[in-house]
Amino acid sequence: MLLQKQSKVFAALLLSLIVFSMWDLMVGQVHVSWLQLLHWKTLNHSQSLALFELRLPRLLVAGFSGALFAASGTILQTVMRNPLAAPDIVGVTAGASIIAVAALLFFPNLSNMGIAWLACFGALAGFSLTFLFARVNGDVAPTRLALTGVAIGTTLLAGEHFLLLILPVDIGSSLNFIAGSVYGANWQRALAITPWALIFLGVTLFLGRALDLLALQDDTSIGIGFNVKHMRMLLLLLAVILAGLGVTGAGILGFVGLIAPQIARLIVGAKHQVILPAAMVVGALLVILADTLGRVIVPPAELPAGIITTIIGAPYFIYLLIRFSK
Amino acid sequence: MIENTIDMGSAVSNKRFLLFVVLMASGLVLLGICMTASMASGPIMIPLKHAFALLLHHDQSVDNTILYSSRLPRTLIGALAGAAFAVSGAIMQGISRNPLACPSLLGINQGAALCIIVMLLFFPTISTALFIPFAFMGGILAALLIYSITATAGLSPLRLALAGIIVNALFHAVSRGLLLLFPDEAQATVFSIMGSLAGRSWMHFNMVLPWILIGLILSCFCYRQLNVLCLGDDEAQGLGLSAQTTQFILMGIAVMLAAAAVSVVGPVPFIGLIIPSAIRYFMPDYKYLIPLSMVFGALLLVFADTLIRLINPVVEIPVGIIAALLGGPFFVIIARSQAKGGAT
Amino acid sequence: MSEITLRQVSVDFDKVNIINQLDLDLQQGKVTTIVGPNGSGKSTVLKTMSRILKPTSGTVLLDGEAIHRMKSKYLAKQLAVLPQHSHAPEHMTVLELVWLGRYPHQSLFRGRCEKDEAAVKRALKQTDMLDLSHARLDDLSGGQQQRAWIAMALAQDTPYLLLDEPTTFLDMAHQLETLELIRRLNRQCNKTIVMVLHDVNLAARYSDELILLNQGAVMAQGKPADVLTESLLQDLFNIKVRILMDSHTGTPYFIPYCCCSEEV
């Protein structure tokens, strides 16, 4: 019965993912109708250029980044037992972003993959900083973690702006990291993150049971012979890597890592084996939708997806904060 | 015996007064130095001595023109805005009894900035006299938003700050979105998103002077109310102060100060957080806290604005970025120190 | 008529009725303590008397005058109130706190004068805080902090002093110390004291009058020896007690035996 309901939910999610992806591919300066999408061989030159060279890699990057942030957020929220934890709240994305920008500035010849790994390292550094500062007397209170994370994030972002402004750069590629945008994503970027995203998202999917156990009280999980400490470290590391990869793809997409897991929990229940894939799909959906909306609101101008996700996500965060303090 | 202790008593309160005088005097001297340095620095460096001499006697040199037409108003605006931000933060911390309250962390700055952007984009012909009232409306909007969140949830200091930051992020995103959608006012971007003093003129100075001056003078007279409010609402009520009315009026003054400052320098963060918190450590009494905040707030903003022109005089870094860099670590420390109160 | 009088006072909080049509007369020059179980409305009564809460209907009279028609500062010169667990701002010294008690006596154009100074010194002396007057409140013990707050209320120089649970979070010695101080203020400085206490035995020992409150209504009012009866306490707290007389202090005290609900 339950399984049936869940498979219905997943079918609906996947269907909307396909529909919104198609919409994403259709709109823009060169319009492609949905019928043409199905008969893609009949496209004229400019249409196929727009579709295959611009929109498809962009769609891939958007989808994978969303899924990566969502997975990272799901893990963080469970491991920290903190509904406010999300990669962009606890300093992870800001750390990744500043390191990625610094890498672009100081080592312009670095490959995309090199940047991605450096970004993961930055994500780890950002998170460690937040965690260390939020820890008082061995205790990490949820709100303090969030506030410390935001504070560290603000500082790191200021540092990033500073770097961008004092050093002469090709602003174009670096700005993506700040704005949270998939604008200008090409095959090179898409291909650089796709395999790694697939690998790490795949690994995450197998860790649902571990997350279920971690959601219990520590004592209980230890009682059933589960090495809480190691598992928690491993999962945090994974969350940080996921977010680092996400940042390499699309920069800081505000609040995706916060909302996607929450929505997933709402619609599929409490088991992480189901929450994880649902959150990934929701995350991908959110970013693809935000990217499409950013292009259709006022056509020639484009709004970065990060702005749209923030406008949606911030009120939700406040709602959580209020509900959480009652 | 008792007489002795009482004498000792006045000796110690004199000590605090002495400390106030020392801090005030050193603050004013530093402010003077910084303002002179600020007038000297820019794409064309004027030697400090010459700058100082020019302040006392005009002459016909190019330096004279630069100094009086752009550097002087810029410096004065910086000082005014810095003082306004710091005093606004001091008041907000007092009425909310929250060491993390400040115009930038409560979203007031960004709310004011958003209103200015809306005005620049959609009513470009409107008179500049309406600039500050508009910004004030934006600030009040943000304050009301935060207030309603607090009223429904009864938030601890950390939560209030978190809510404020998120409201700030929201306004920030909307502002950036608007500027990207309507790129004609690109010149306003840096100023209204990050905060900058570049290109401020006498016109801006005249526009903002009365508002900030009135706000600063009013806040100097409110030190007793602020001291009493710091004890708590019920306690203030017991001492014969109607807490809510006073809080409302004081919040109005604080928002006015912040909005006026934002309308000339943009949303420069953290000055209202750093300065009052640091001074409070030595001087919890608002009688001294407010005037000291003015001087040191002015000092910090003028210093930061001078610094950016020394780093790169041609392509200026927005002063808001420097303020964020300086203030961020401070913010982390204050958030951390909140743990002692058991707040979560 | 020099006293605090409540006439037909009702108070609602969040649309829940806490006090319903309460009549109460408190005499001048006495120590009156309000006791009662949790949620009986003790603090609400005290807050209504001191105008921190506004009654939904009815009036509170102070010396025959309705307090809700008084000017805030005028009321604060008649009646000082110490709410439950007050927190002073960080870094504040005892002296600075006590000075705030002079707020109702000052105004925009009238700064500190000798009278203020004298009142502050007197308050510090009465609470035995002179030696600590320059200590930061954060550095003091709970009992000392409580004394500092009482000193602030004393500096207000009012005939009435209202205290809401002045002994919470204090250990036994500091509880006694605080209550001794309160009684001394009553006896020596002629203050009328109204307070809320949790501990009925301590209340009986240090009060001239007890008010037993239950669900917003007065169950009994009078001298501790008259008011404390075994049946009344059983009704009030739902416990079986025995009442004894302390031959040393001459006040009644009770020993709780068991919870009534546990009896079959």
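Per-chain residue numbering starts at 1, and chain names A, B and C are given in the order in which the chains are listed.
The working rule: a contact is a pair of C-beta atoms (placed from the backbone, for glycine too) under 8 Å apart; a residue touches a chain by one contact, two chains touch by 3 or more.
Predicted, not measured: the structure shown is a model, and the values here were computed from it.
Peer 1: Using C-alpha centres only, name the chain that sits farthest from chain B.
Peer 2: C
Peer 1: Report the most central chain, judged by the distance from each chain's C-alpha mean to the global C-alpha mean.
Peer 2: Located nearest the centre of all protein C-alpha atoms is chain B.
Peer 1: Any chance you could check whether B-C or A-B wins on number of contacting C-beta pairs?
Peer 2: A-B
Peer 1: Any idea how many Å lie between the Cα centroids of chain A and chain C?
Peer 2: That gives a centre separation of 56 Å.
Peer 1: In whole angstrom, what separates the CA-based centres of chain B and chain C?
Peer 2: Comparing mean C-alpha positions, chain C is 42 Å from chain B.
Peer 1: At what distance in angstrom does the C-alpha mean of chain B lie from that of chain A?
Peer 2: The mean C-alpha positions of chain A and chain B differ by 35 Å.
Peer 1: Which residues of chain C touch chain B in their complex?
Peer 2: 47, 50-52, 71-77, 80-83, 86-92, 95-97, 100-101, 103-104, 106, 108, 121, 125, 130-131, 133-134, 153, 156
Peer 1: In the complex, go through chain B and note every residue touching chain A.
Peer 2: Listed in rising order, the residues of chain B that touch chain A are 100, 149, 152-156, 158-159, 161-163, 165-167, 169-170, 172-174, 176-177, 180-183, 194, 269, 311-312, 315, 317-318, 321-322, 324-325, 328-329, 331-332, 335-336, 338-340, 343-344.
Peer 1: Can you check the complex and tell me which residues of chain B touch chain C?
Peer 2: 2, 5-6, 8-9, 12-13, 97, 99, 221, 224, 227-228, 230-232, 234-235, 237-242, 280-282, 284-285
Peer 1: Taking the complex as given, what residues does chain A use to touch chain B?
Peer 2: 84, 133-134, 136-137, 141-144, 146-148, 150-152, 154-159, 161-162, 165-166, 179, 254, 297-298, 301-304, 306-308, 310-311, 314-315, 317-318, 321-322, 325-326
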